[in-house]
Every structure is written in structure tokens, then in C-alpha cells.
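Shared between the two complexes below is chain A, which has chain B as its partner in the first and chain C in the second.
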Partner chain A sequence: MEITINPAGEQAAVVQLRGRLDLLVASEVKQRLAKAVQEGFRLLVIDMSDVSFVDSSGLGALIGGLKAARMAGGDLRLASVGAQAMAMLELTTLNRVLRPYPNVAEALQAG
Partner chain B sequence: MDRIEHNYELSPVPEEGVAQLHAALVAFWANTDIAPDIQIRFTIALAEVVANILQHAVVPGDAPIKLRLRCTPTSLEARLVDKGRSWTMPTTGFTLPADHAERGRGLAIANAVLDTLQYRRFRDLNCWRLVLLHRAD
Partner chain C sequence: MRVVSTAPTRQRLIDWGQEEWAAFRRGLIKILVVTNLVLGAYYLLWRGTASLNWDAWLFALALFAAELYSYISSFLFGVTVFRLRERGEPPPAPAGLRVDVYITCYNEPVELVRKTVRAAVAIRYPHQTYLLDDGDNPAMRAMACEEGCGYITRSAVWKGFDRHAKAGNLMNALEQTTGDFILILDADQVPLPQILDRTLGYFNDPRVAFVQTPQYFINVPPGDPFGSQAPLFYGPIQQGKDGWNAAFFCGSNAVLRREALARTGIHFFVRDVERRIRRALREADTVIRRAQRKLMRTERQQIAPALRALCRAVSDARRELDRGDTFQEVTERFQRRVEEAARMVVAADLQQIMSDLAEIQAAEAAEIMRSLHDEAVLAELARRDRSPLAAIETVRQLVPLLVNEAMDYLPISTISVTEDMSTSMRLHATGWRSVYHDEILAHGLAPEDLRSALQQRLRWAQGTIQVFLRENPLLLPGLSIGQRIAYLDTMWSYFSGVPTVIYLIAPVLFLMFGLLPVNALSAEFFWRLTPYLLVNQLLFAVISWGRPTWRGQQYSLALFPLWIKAVVTAAANVWFGKKLGFIVTPKTRQAGRYLGLVRWQLLMMVLLTVAIGVGLSQLALGWRSDGMPVLVNVFWAVYDLIMLSVVIDAALYQPPEEQ
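Moving on, here comes the complex of A and B:
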């Protein structure tokens, strides 16, 4: 999986993920998200448009990132979530805490 | 649609086994007319069970995991057999953990998706059977 983190303002960053977000990469993704929060990016927007598959370990990495962001007073939001990832969020009811937004711009602007 | 059945072997090395599973599913779905939303649900469940096997049952160097995929006019079925450590049903059953938990959702998701999720230990084999009914009528 490719992970690209681009600043989107002083305290926000867009995290572009490409490939499968699964047990093989979950640990690395969680660490990269936590590092971004440590560097001052309290709002992380995960661009899911190029994520082909998410499993429960991948969801766990996003939950880890969400907890890190919330502890810093920020948030983690998902953007452009595909059908398979949306099914995972709904099956686990995690769409209540990992809120999906239609696109990156709306996720950045949400209150 | 007639019955379609294919057999695959998945490496016990996680990087290889996961890639082989997804390649097997791409090839399998290409031979069926299963609706995309049903494919997604079955793939989610199967990937979670395979991940459980790769993380908790087998280790690199073990024999390959055997996978049989079957599609009939009314159901999708997967059978997985491995020679790894036996699995014990958690006392909590297949329940989802709290929202903040980062682990422990895999088999609960599979169980929620499927009509049947069975596990049994037969001699030195772990045997999983997954069934999803796909006809609405």
C-alpha cells in the first residue's frame, strides 16, 4: 500500500491511501497516522478513493488514527469511501465514529 | 447458472496468502454472474476467516491452506482446511467489540455477513465452512 500525507492547512493533512488496507499494512498505517498527529496535524482526512479493499485490521488502523487525533483535540474523517469499505463500516456500525464524507473538500470543511 | 467449483492453495506466508486469495476471487467471480454487492459481502467474510487463519493458526513453512470455492444457483460456499493450531471459540461468541477497539472484529463480521459459519477440528485439521445464500426468492 502507498501512503502519502500532504498538508492541507496549518493543522490538517490529507492522507492518500492506495491499494489494500488490510492485515499486512495495518500496523504501518496506524504508525504513520499517529506520527502525523504528533507532527501537529490534528485533523486527518483519509482519501479512500484508491483503496481497493479494507479488512477488520485496516479498520483497526483507522480507529487507532482516530483515537490519536481525538486525544490531540482533533478528528479523523474518511472521504470518497467505496462500496466495499462502506459495507465494512456499516457491518461494524463504525460509520457512527468514522464518518464518511463524499469527498476530501467536504471532509476538510465539515465542522 | 450451473454449479461452479474451483480449488486453490494459499500460502501460509501472509503476504503471499492474502495476494493469492484476492487473485483466486477475481478469477472465481469472472466465472459467475453473482451481483457485485453479494460478491463484496462474501469476499469480506472469506478474507476475515483467511486473515484469522494466517494470523493465529498457521506459520510460514506449514502446508498450504486449501480453499474450495463453490457457486450454485442459490448459494456461495467456501471450505478452508489448514493444518495449523486449533481454534477455540471465544466465550463471548461472535460479538463485535466496543467502537474504540482496534482488534477483534474479524470473525464477528464474517458471522454477520454469512448464513452459515462453521468451524470444526478434525484430527490435525482445522475445517471452516462459509455459506452465503444469494437468491432473494
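Moving on, here comes the complex of A and C:
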């Protein structure tokens, strides 16, 4: 899994994930997200377009990031979610908490 | 091995193989369950309509209620064992699974844990072993290192947060390891080398979340004075629950699928967020209505419209939730509407809002959080006097406060001190399957003194009642009827304390004071009751089928004070946020001290003995002529004495001197 964090505006960052978001990387992803929030990025947009597979532990890492962001008064949003990831979001009903946005630009602008 | 233990030793009167005998037994159980329920109904209908002695109405109704309780118990038990499932040989374990073995410990002696660690490392199927030391003990770390076992303690993120005992210990390890399957062992459960080979095969079915195997203790002295073995539970009861896809996860000697834990954790996280939003809305409703009632004439013009707007915001949000909108949409819109409502109040009042606000924030934020787990706090908060302006501000803060704090996903349930039962119920409620594999694959150590044994029993009972009150199996969405009954069966059995007291006191009241709860011990009474009791015992015998269950029966009756204490303390914990109690006694092993632990049972035994003496001597002296009822009650009292005597034996038990 490759994690790239690109600033997008003063307090926002786009997190580009590449590869499998599963239990093997969950704890690293969670830590990187928490660190990004600590560095001052209150709005994290996760670009999921290059994520090939997501499992529940991977989703758990995103929830960890969401918690960090919300505690800092910000938010975490998903963008460009693929079919398998979307199915996982629906299966776990997590889509009611993490609404997927069609693309990064919309996720950055919303709300 | 217990899987093949039933038939071969029996004399062959009929030329049946093991399979046929097992099938015969399962059929017989079904017949007896139904017969028992019919006979019980036949007896109780008559008891309720024709036999109550209204001259002693309180006593009569109490006994009748206790009998109803028992009937419901036997109904739940009957349903539980109705589809008894004996799985026999497990499917072979597929190669190449990624498996972790967790050994949980807290403050056990290092050398005791070493035995478990060594055996765990030696498990045949390829795996990683980790010692999860919640005591953070350097000696434990050194031992793990010597034995070639991974060592995990709490990471820094737990500092300052609720540690959630064993559940927290497990979740901390889940974050730091990467196995797809996890075998969980208590520090004193020494695994056999084949434990994974015998259980992993079940996971070929991708819907299976966990496989539980028995907990069996090897240090139990002859006669099992503390009733440590649970041959009925780790046997017919779990097999019965398994038949309904409701086998319980019991915290140790079980293999779990990580994906199932994670997915269920997320599912319940989402449920929890929704619950919190609804709770915030409910609280907002109460606050607004109260403010409306308190409006003074001078304020009415400015503030009433704002309060009406708030009311609308609450009902809109509720409708959107029902419609299935995402929580973010719902809460954002709600916040926007509340802001608008707040702006309706003229700027002149801002000053007052600010001063009211200061008083709300600090003190109430904490209380509102607590109200999530505590109905009483919520009621208190809603009752509190606030100025209407402060009410608006409270509503504005409610949702962010409640929802942001909720952002935590927990793969292991933390609503109860028995996280295992709660977690397995949640797994079942999310559609996962479970397996009970009835083969001893670990050798455990049971508590060796009465105090520890009672403490353990109290914890189980308290935890079970916590789950009953917080996530009732009858209400939890997603469970099948059979699963609801399988969970309720176990929970219901922990409410037996008060009915037992009634049963114990009944012969005393009759023999000493002549109080009879039935209007006559007529022939009809006996021919309605006797078949019911006989079939009940027969059913129990067939279900037990060669397993020693007498000790367990004695304890379930004799521990009535403990069951009552468990229910009271667990209810006080769930409803009023009180701490769960402990058994308080000195830890030194001195026989005399332990009699204090069983004082209620002793008192009851004295009463029963005196009552027997009084009844029999009055009969012998010719002071009373009701010979038959006296004999029946004496018989009943003697039975009670035999049941109760188990705790006296246990309190006085002296372990043989170690050689």
C-alpha cells in the first residue's frame, strides 16, 4: 500500500491510497491519517480510485481517521470509491456515516 | 476424546451403532421436551385456576410465580436442546491460513503462564503466538522472549482512556497483529498441539465467524467441590445452541475470524452513531418542551418562534433518519436549522446566552455523555431548569457533542464484563455463523478456593445480566427466533435467585406456621404434579447422558444469594452507573473464614432443620393430624438441605497437602 498525502488548501489534504486497504496495512493507514490531522489538516479527502481491495479492518482504519478528524473539528470524506469498496460500505452500512463522493474535487468543496 | 464417547461401552441389547444411538437420543429428547411442556401446562393451568389458597394469598401467589418461572425455564431449556447438534469429526484444516494465537494475562504467576505459552508455541499448525500482558510485567516479557513468543502490551493510545479490561486487551492486540484467524486462550488454558488442526476446517464455510471448544479443568479434586466443571454447558447446552446457530463464544479455547469481528464492529459502530443521534434528538425534544412551558410573557414574542423552529428541526431530522439519509446529511441539516433558529433571537439577548452557556458547557457535557449509558442521568438532565435561551444553546451543542465522541469502532463488544457473550450475540445478529466443537483441546486450571470460584461465578452472572439489560436478545435486530431463545435461556437462568428463596422458604412456612399455598394436597394435586416432575427429571437425565451434572444442579440452587446479588448490582450498574460489586473476604485460605461467604445458605439450612424438627415432633405428639402434607414438606425440606449442603462442603474444603 502506498500512501501519499497532498495538501489541498490551508487545512485540507488529499490522501491518495494505492493498492489493497486491508488488515496488513490498516494500522499504518490509521496512524498516517491521525498524524496528518495532528499536522493541521482538518479535512481529509481519501482518494480511493487506485484502491484494489478493501476489507473491514481497512474500513476500521478509515473510521480511526474520521475520529481523529472530527475531534479536531474537521471531517474525513471518501472520493472515487470503486465497486468492491462500495459493496463493503453497503454491507457494513458504513455508507450512512461515510458518504462517498464522486470525485476529489466535490469532496473538497462539499459542506 | 468426547466426540466418540457415547455408545461403544454400553451393552448391546439392540444392535445399533453409535449413529443410531445418537439419533435415538435426539429423537427421545424431542419427545420428552414436548411431553414436559404439555404436562407442565396441564399442572400449572390447574394450579393457577383451582388450587391457590386465597387465605394465604401472598404466599400462594409467590409460589405460583416461582413455579411459572421454572416452567418458562424449562420451556427455554427445552427449545434450546430441541435441535441438539453433534458435529463429530471436523473438516480437515486447509493449509496456509494466517493464524495468530493470543494468550491473555493480567497478573497470573509467570511460571503458570509459561506452561500455556510453551504449549501454544508447540501447536502443530503454523502460527504466531503472542502473549497479551495487560499487567505490563517485565518478568512476563522476559519469559515470552525466552519461549520465543511475541509479547504485546497496551499501546500509548490507551493512556487516559477506559481500558475495557480483557476486551481492550484483545482489541489492542488485533491492531498490532495481522492474522486472519485468532485462537484465544486464557493464561491458564494449556492447549493441545492439535487444537488448530481440529478447528480451522470449519472456516472453509466463509460465513463461520468462530469455533468454540470446551473449557475443561484438570486440577479439579475428586467430587469437584466448587462445581468448576461445566459438563452440561460444554456439551448438550452448547450443542443445543449450535443447532440454532447460536453457540456462545466463551472467551477462551475459541478460534475467531478477524474479518467477522471487524465487520460486526463496524456494523455496531454505525448502529451506535444512529442511536446517539436519536438520543440527542430525544433530549432536544424534552429540553425544548420544557423551555416552552417556562416562557415568560416578556420573552414570548422573541423566543417562541425560535423554539417552534427548533421543534420542527427535531422532527425533520427524525424523519430523515427513518428515511435512511446518511448521518452526516441529517446532522448537518439539523445543525443548520438550529443555527437559523438561534439567529431568530435578537442580538440583545446574546449576552445572556453567553453567560448561560458557560454554565452549561463544562458540567453538562460530561453528564450528557454519561447519559448514553445511563437513563437516570438523562432524565435528570431533562428535568433541570434552564432559561429558554440556554435551552436553545443546549440543543445546538447536543448533536456535535454526542456524535463526535461516538467515533470509535470496537471489534470486541464493551457493553458488558462478559465481552465474549456480547460479542458472539452481535456476530449472530450480523448474520455470521458459529460452531461448537465438542472435543477437549485445552487443559485448564480452575479456581482452587471458594472465594475465587464465587467471584468468577458472580462476574459471569453480572456480565450476562448487563447484556440482558443493554442489548436484550428479544429486541436486538438481526437475530432469529431460535437464537433469541438460546440467548434468553442462559440469561433467564441467572434470575433464579428469588424463585429459589420462595422454594426454600415454602416448607418452612408450612411446617412451622401451617401456611399452605395450595388449598389442599389432594390426589389431583399429585397426579397432576408427579408426571410433570418425573418427565422433567427424565428429560434432564437423557440430555446429560453420562455426564456428571449433579454438582451443577446443586450449585445453581445453592448459590441463590449470589444470583440475587448479581442481578441487583448489574441493574444498578446499567441504570444508575454504579460499580459492579466484588466478593469481599480476606484472601488467606483458612477454612473457617469461608463460612462467612455462605452465611445465607447456613441460615436457610438452620431454618429448614428446625422446621423439619417442629413438623415431625408435632406429628409424633399428635398435635396435628395432617400427616400427608407434613411428610411431603419434610421430604421437600430434606431435598433442599441436600442441595444446599454443597456450599458447606466447599467452604470447609481443605486441599490435600502438596507432596
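Everything that follows uses one rule, which is that the second predicted complex is superposed on the first by the 111 of 111 C-alpha atoms of A that agree within 3 Å, B and C clash if a C-alpha of one lies under 4 Å from a C-alpha of the other, contacts with A are read in each partner's own complex, and residues count from 1 in each chain.
Everything below uses one rule, namely that contacts are C-beta pairs under 8 Å (C-beta built on N, C-alpha and C of every residue); 3 or more make two chains touch, one makes a residue touch a chain.
For clarity, every value in this text was computed on a predicted model and none was experimentally measured.
Enquirer: After the chain A overlay, clash or fit between chain B and chain C?
Expert: Clash - chain B and chain C, as placed by superposing on chain A, overlap.
Enquirer: By the touch definition at the top of the document, which applies to A:Ala83: first (chain B), second (chain C), both, or neither?
Expert: first
Enquirer: Considering only the touch criterion stated at the top, classify A:Met71 as touching first (chain B), second (chain C), both, or neither.
Expert: In the superposition, A:Met71 contacts chain C only.
Enquirer: Is A:Arg96 touching anything from chain B or chain C once the two structures are fitted on A? First, second, both or neither.
Expert: Both partners.
Enquirer: Contacts for A:Gly60 in the overlay, against chain B (first) and chain C (second): which applies, first, second, both or neither?
Expert: Once the two structures are laid over each other on A, A:Gly60 reaches both partners.
Enquirer: Looking at A:Ser27 after the superposition, I want to know if it touches chain B, chain C, both of them or none. Which is it: first, second, both, neither?
Expert: Second partner only.
Enquirer: Looking at chain C, which part out of 37-45, 199-207 or 379-387 clashes with chain B after superposition?
Expert: 199-207
Enquirer: Per the definitions at the top, what is the overlap between the chain A residues touching chain B and those touching chain C?
Expert: The answer is residues 23-24, 30, 55-57, 59-60, 63-64, 67, 91-94, 96-97 of chain A.
Enquirer: Which of the residues in chain A end up touching chain B in this complex?
Expert: Residues of chain A touching chain B: 20, 22-24, 30, 53, 55-57, 59-61, 63-64, 67, 83-84, 87-88, 91-94, 96-97.
Enquirer: Using the touch definition up top, name the residues of chain A that touch chain C in the complex.
Expert: Residue list for chain A touching chain C: 23-24, 26-27, 30, 55-57, 59-60, 63-64, 66-67, 70-71, 75, 91-97, 99, 111.
Enquirer: Spell out the residues on chain B that touch chain A in their complex, using ranges where they run on.
Expert: 14-15, 18, 22, 36-37, 40-41, 43-44, 47-48, 51, 54-55, 96, 99-103, 105-106, 109, 112-113
Enquirer: Provide the residue numbers of chain C that touch chain A in the complex, in ascending order.
Expert: Interface residues on chain C, with respect to chain A: 175-176, 178, 180, 258-259, 262-263, 265-267, 269-270, 273-274, 324, 326-329, 332, 404, 407-409, 411.
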